[in-house]
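Dumping the structure here so I can ask a few things about it.
Chain naming follows the written order as A, B, C and D, and within any one chain the residues start at number 1.
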Amino acid sequence: MKKLSLWSVLCVAMIAWSSSAFSDTIKVGVLHSLSGTMAISETTLKDTVLMMVEEQNKAGGLLGKQLEAVVVDPASDWPLFAEKMRELVEVHKVDVIFGCWTSVSRKSVLPVVEELNGLLFYPVQYEGEESSKNVFYTGASPNQQAIPAVDYLMDGGVERWVLAGTDYVYPRTTNKILESYLKLKGVDEKDIMINYTPFSHSDWQTIVSDIKQFGSAGKKTAVVSTINGDANVPFYKELGNQGLSAEDIPVVAFSVGEEELSGIDTAPLVGHLAAWNYFQSAESEENDSFIEAWQAFIGNEDRVTNDPMEATYIGFKMWAEAVSKAGTTEVDKVRPAMYGLEVPNLTGGTAVMNTNHHLSKPVLIGEIQDDGQFEIVWSTDGEVKGDAWTDYLPESAVIVSDWADPAINCGNFNTETKKCSGQNY
Amino acid sequence: MSTSFADAIDEGNTVLSFPELVASLTTKKFDEKAVIIKKIQESEHPQSLIILSKLLDGKIYYKKDDKTVVIADITKKTASIINASTGEPLGQTTKKKLKKVGINNKLRRALNSSIAQLSLNNEDPKIRKSAVVEMFKNMDDEMSSILQKQLGVEKNKHVIKTLETAISINQLKSSVHDDKLQAIESLSNSLYPEVRVALNQLEKNLSTSPQTSQTLTLIETTQNSLKKIESRVGIYKQIENIFFGISLGSVLLLIAVGLAITFGVMGVINMAHGEMLMLGAYTTYIIQLLLPNHIEYSILISIPTAFIFTGLVGIGIERGVIRFLYGRPLETLLATFGISLILQQAVRTLISPQNRAVSTPEWMSGSLDINPALSLTYNRLYIIIFALLVLAGLMLLLNKSKFGLQVRAVTQNRSMAKAMGIKTDWVDAFTFGLGSGIAGIAGVALSQLTNVGPNLGQAYIIDSFMVVVFGGVGNLWGTLFGAMTLGIANKFLEPSMGAVLAKIIVLVFIILFIQKRPRGMFALKGRSADN
Amino acid sequence: MEKNESILYLNNVSVSFDGFKAINELSLYIDKNELRCIIGANGAGKTTMMDIITGKTKPDEGEVYFGDHIDLTKKDEAEIANLGIGRKFQKPTVFENHSVFENLQLALEGHRNILSNLFYELNEDQRNKIDSSLETIGLEAEKYRMAGELSHGQKQWLEIGMLITQNPQVLLVDEPVAGMTHQESERTAELLTSLATRHSVVVVEHDMEFVRSIARRVTVLHQGSVLAEGTMDKIQNDRKVIEVYLGD
Amino acid sequence: MEKSLIQRLLLSDTGSKILTIVIIFIAIVVPVLNLLVPVDSPLHISTYTVTLLGKYLCYALLALSVDLVWGYLGILSLGHGAFFALGGYAMGMYLMRQIGDRGVYGNPLLPDFMVFLNWGSLPWYWFGFDHFPLALLMMFAAPGILAFVFGWLAFRSRVTGVYLSIMTQAMTYALMLAFFQNDFGFGGNNGLTDFKEILGFNLQDNTTRCALFVASAVALLSGYAFCKYIAQSRLGSLVMAIRDSESRVRFMGYRDEHIKLFIFVISAMLAGIAGALYVPQVGIINPSEFAPIRSIELVIWVAIGGRGTLYGAVLGAFVVNYAKTFFTAWAPEAWLFILGGIFVFVTVFMPKGLVGIYNQARSRNTRKKSMKESQANIRNS
């Protein structure tokens, strides 16, 4: 009996829930983990979206309506990402979703967001090799991060390379791209060392000692690190303790930003590098006011900003502009309105949304300072256009993405066979 | 100012005064700074060394208003400043009024080499020695003759040896056959990587040059020297590997020994053990937050604090939850798992979902250089010692004290112990508190190795169970043995098959091992063990 | 030579745990349909001896034979049980969450593999067999009660009943009257004596009065080996036995 | 005869009755309301609800398999997630091969993740997965064989209790590490995803979804009946006898290790089927399913529902997962407090779970009733 009543409660709750969806606000879904392993990175982005929503509402909302953020917790659980995505779109009827971190979470929600014709903004750097009709990628693709970083080091005379990464798709792909890029630049196979470690690897003694030995062959050596969040702290600690300083063997990282540094004692890391599209230390008015607004919103004047936050910022601004331009939040109208849209980025330039759903952004290289900030030591002359498909892998070199060109109108157009493959919608 | 300096460099003949040089550090261009650094070094001004080392430390600023270059000592928002070129104190100012003179890696290398050359006469033989080592990379005849002179006045035999090595490296380039041969032979005792690089380079050059009998001898000698060096390096590599293994083992020991009490002695499958580690690590963070100026002592203060704090949390958990579950060991697993979720989220809510920075005190950073091929990091060394001390202390407590006697009595026969007037409730609570407290101090040690964040405990919980089960439940020697075996096995498998596969193999090994000895390595045998 | 007449044969058996010799060159022979009592102080090796016979513990050295040629040291517990050696534990061990009937049903001989148990249906013969066991142990009234609800003595009987239903040739009974009232002990004595007409019964017991009431032949164990063997009277007058066992 | 067996299995007690009726009810009503009722009708059940309930059904089957080994056999397996995941991977591999040349790189043979990692050819263990019958076989065989090997080793050498639990945990942990490796050939951290169709039916189609939903319901009910059949057989009594007193069973001449192995393997296969049905409904299988935490969680479902009753496990799976779904949306920042609190509360104060409370209340009622009756009798006499 008890069970039957429980069931009826459940059914009623669900029906009531789904019918409560119609109201006069524009709903912004936030799909970031607030618990589990990814909460470390993702809670910041949730707060960023909440801040953007608040600011937009203060400025009068959109299309005369107020914005309403709908926050759910996918709890770092990948199938739960898909479930929550469906909940946001089907049950809460959100008009746009900001969310996901790491490719697996994005891959998990991809079929759902495509099926329901939702609109997702993915704000984290990733390995590329994707361009979905329903996703805008505001983080960096490999040609906006990895390749410029290697170019910079090569100019500095580095001849020997350690590609160290956590064993998942982003490092694997990035390192594949870098390996073929380095070989193209005449680097010998023997001068490349590739190493993969599991997530949250904590004992780096052997690997750092190997790197030390690899680097003592008389050629200038650098480490290109795609080591994921949690494993970085013990890695850098071990580097410092074994006496590998940035002058001897610099480490350039693609996943270490201000946020990660705020959890590390930076003194031994000074001089190591990171490549991003944004650093908090960038000097521009937009950046100053963004930092000020962020610190006020979060109530902590030591709170840092980072690249995925800028990506969220750009994504949100662009979406808001596209909605005003289109006069509706309807996905099919907003999407074309996004192409070619320009929004000032936080580093003093302009971000442009391309028809492959990736941004044009500048690439910056920063050196870690002892205060946990980066000193920008190099930047590209202008904005670099994000590649959905890399030119350095044979299978991917022939694929292009263009959602505006009526002759292509797909995310993975094979220029040889003139066909689109793998499109669900 | 900076434009005139750029012109000056272009012309290359203008001599700038020392204050002018220092003032031109305000330039934004790293290439210009490099030239200035070289000039400062060559100026032989008494302030040169100070300026260069402060620049390396990131302590050189300039005032935004009048561009005076200063050495600043910044605490929070205020800064006490000293005029860089004169050394005259300029009093206090605020951080906002200063701008840092930034450097990059290239400049750091230039600074290191300049500082090294200025430090050849330093009072400290260690600094003199490392100054010479710094020069290995770019030896030339000019440098060699400077070092020759130095050799004449040097008294310290370690420094003399290093000087000789440096000169020999240069001598490898000599055109005189005998000099070359002598240098090759003398270098065969050196373990410096630079020496190997130089010898390898020499071998390569020789093999491409005309094959006279002289070159053949040289090639042979070089190869012999290299072989000799390599074999010694190989031995040290093995020693290093054992050290890595022991150090990993001692980390495992630390994280497992608390569990050996709560799980091994009391039979509570404590899934919240990892969170006790986490709380210990956060205690270190809080202590450092409270005493920002005493980082050196923070660890020492944290150890007892963490012990008491996590111990109290442990007692709380025991009194609040676990005491209802004695005799239902598998259910303690479920309840403590719930507790671990709550503790994790509590830390996320109360402190932050982000990782927190815990600084490493000076005395725990860096490494003990035994020779150029073998250096042992201090933090690992201390942790090994610390782990063994904790284990020894615990054994003393359990085997020699009255409390230990009561603990053993209660775990062996609860009702009998009760009948004899032992307050079993409090013994249980304090035993659990002890196990938790020890997990807390292990957390303090972990804060020096890894992330301090809400997920810290999760990363270690399985490893700690493996150690305890592998070693044999209820036996601290087993825990020691288990931790060390797993640590060393991991480190010996890792170079050949990578970290992940090594870990998988070790896990499979444990699973198979438990088939052989279902109660771990150091298990009790006989009838009583079966019940 | 004696091997031919005896059903259970232990020769020069030793076993040690962590250097402690629990059984030390023990030799023991049990005949068909014999009722043997084994006494000895705590730690004399009584239970370990049972463990060795039932295959729970493997001896370090020595021979253990069942019948003429079956080497028990090469068999495991289940095999030995199926050969016809049943055992009652020191602590009454019944399936507390099963009814008395189910307990006996599980003990029924035959049907030891998985599939036949999955598709098992009880036949009339077997029902009768269970009923007769129930009668023997006097638990007819408790047939459908949970075994966990029985009194201590009833559990002891149920366990013996399970042994009977299993129909072994040898019954090893470890301390059957521990914790029983006087009347219960008497009933148990009767039960065991009647069993000895069809089975060989080995009883390990502390209670001297009980031993005296049933014993025909008694073996005294001390420090893992046989100290004395013979009728109760002989044992009671044996000087060595008095010294180490009865003396205090 | 046939009918009486079904009655015996599914309608023998209140719990089973309610369970059977509810499952059959939702298996009919949910697809009908989803497919046939127009979207804007208040009676319409959204696809979200269908996939959600479908997921719960798979979890319930998984919980059932855990209850069989824990509640009946007394083995607390902390590695059942591994069997679930293996079944899921077997299904995932089939679904990957069904993509054919519709992957983003258009490679007819290799899944996308192999293409961009430069794999030259399909690894041998992927062969045959394009045939559904073989894939189906593997959904049973992969978890079955793992359970067999592990169980054979462990039960033969009599690893029991806590040790066994920790070893099952080590097993799933080792598998998780292995599957996380990209070199292993199962897609590493990203796992298998981007499925297109199953047996020729489009997976994004609502009809396919409802079919999978019904299949899950049928699987759950058949699994329930099967477990119940085992539990009611003499083998079932033996299994519980092993749980209560293993050595007694052994000294009665039963091969307890064989029985344990049998049940363990059966349970692993059930978990595998649950995984295989789960994957097409959620659209992804990834090594985090092997995470030890996951396996602990599902033990908790069973504990909360009430172990040793089978229907308790099903109830637990639904309640905990519904609570999770509800609280992660309702209180995203605090749901772990709530969930953790529930775990602690249930273990300490409700050792028999939700079902236990109900049974207790009922037996109290009957006792009250009988007391009243006896008092009445006394008065009458």
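FYI, a residue touches a chain if its C-beta (ideal position, glycine included) is under 8 Å from a C-beta of that chain, and two chains touch if they have at least 3 such contacts.
The structure displayed is predicted, hence computed values, not measured ones.
Across the two interfaces under comparison, A-D and C-D, the one joined by more C-beta contacts turns out to be A-D.
Using the average of C-alpha coordinates as each chain's centre, A ends up farthest from chain C. Note: centroid distance chain B to chain C, computed from Cα atoms, is 64 Å.
Centre-to-centre separation of chain A and chain D, using mean CA positions: 35 Å. Chain C and chain D have Cα centroids separated by 44 Å.
For this pair, chain A with chain C, the centres built from the Cα atoms lie 72 Å apart. Residues of chain C found to touch two or more other chains are absent.
With touch defined as above, residues shared between interfaces to two or more other chains in chain D number as follows: 177, 180-181, 333, 336. The set of chain B residues touching two or more other chains comprises 344-345, 458, 500, 503.
Those residues of chain B lying in contact with chain D across their complex are 267, 269, 271, 321, 324-325, 328-331, 333-335, 337-342, 344-346, 349, 458, 462, 465-466, 469, 473, 500-501, 503-504, 507-508, 510-512, 514-516, 518-520.
Per the touch definition, chain A reaches chain B in the complex via residues 34-35, 37, 39-40, 43-44, 156, 167, 195-198, 200-203, 205-207, 209-210, 213, 216-218, 230, 233-234, 237-238, 240-243, 245-247, 250, 259-260, 262-268, 270-271, 273, 367, 369-370, 372, 375, 377.
Considering their complex, residues 54, 56, 77-79, 81-82, 86-87, 89, 93-98, 102, 105-107, 109, 111-114, 117-120, 162, 166 of chain C touch chain D. On the chain A side of its complex with chain D, the touching residues are 1-4, 6-7, 10, 13-15, 18-19, 34-35, 71-75, 77-80, 82-84, 86-87, 90-91, 102-104, 107-108, 110-112, 115, 129-130, 167-169, 172-173, 176, 196, 198-199, 393, 395-396, 399, 412, 414, 417, 419, 421-422, 424. Residue ranges of chain D in contact with chain A, taken from their complex: 18-19, 22, 42-43, 45-49, 51-52, 55, 99, 101-107, 112-113, 115-118, 177, 180-182, 188-191, 193-196, 203-204, 282-284, 286, 288, 315, 319, 322, 325-326, 328-329, 332-333, 335-336, 358.
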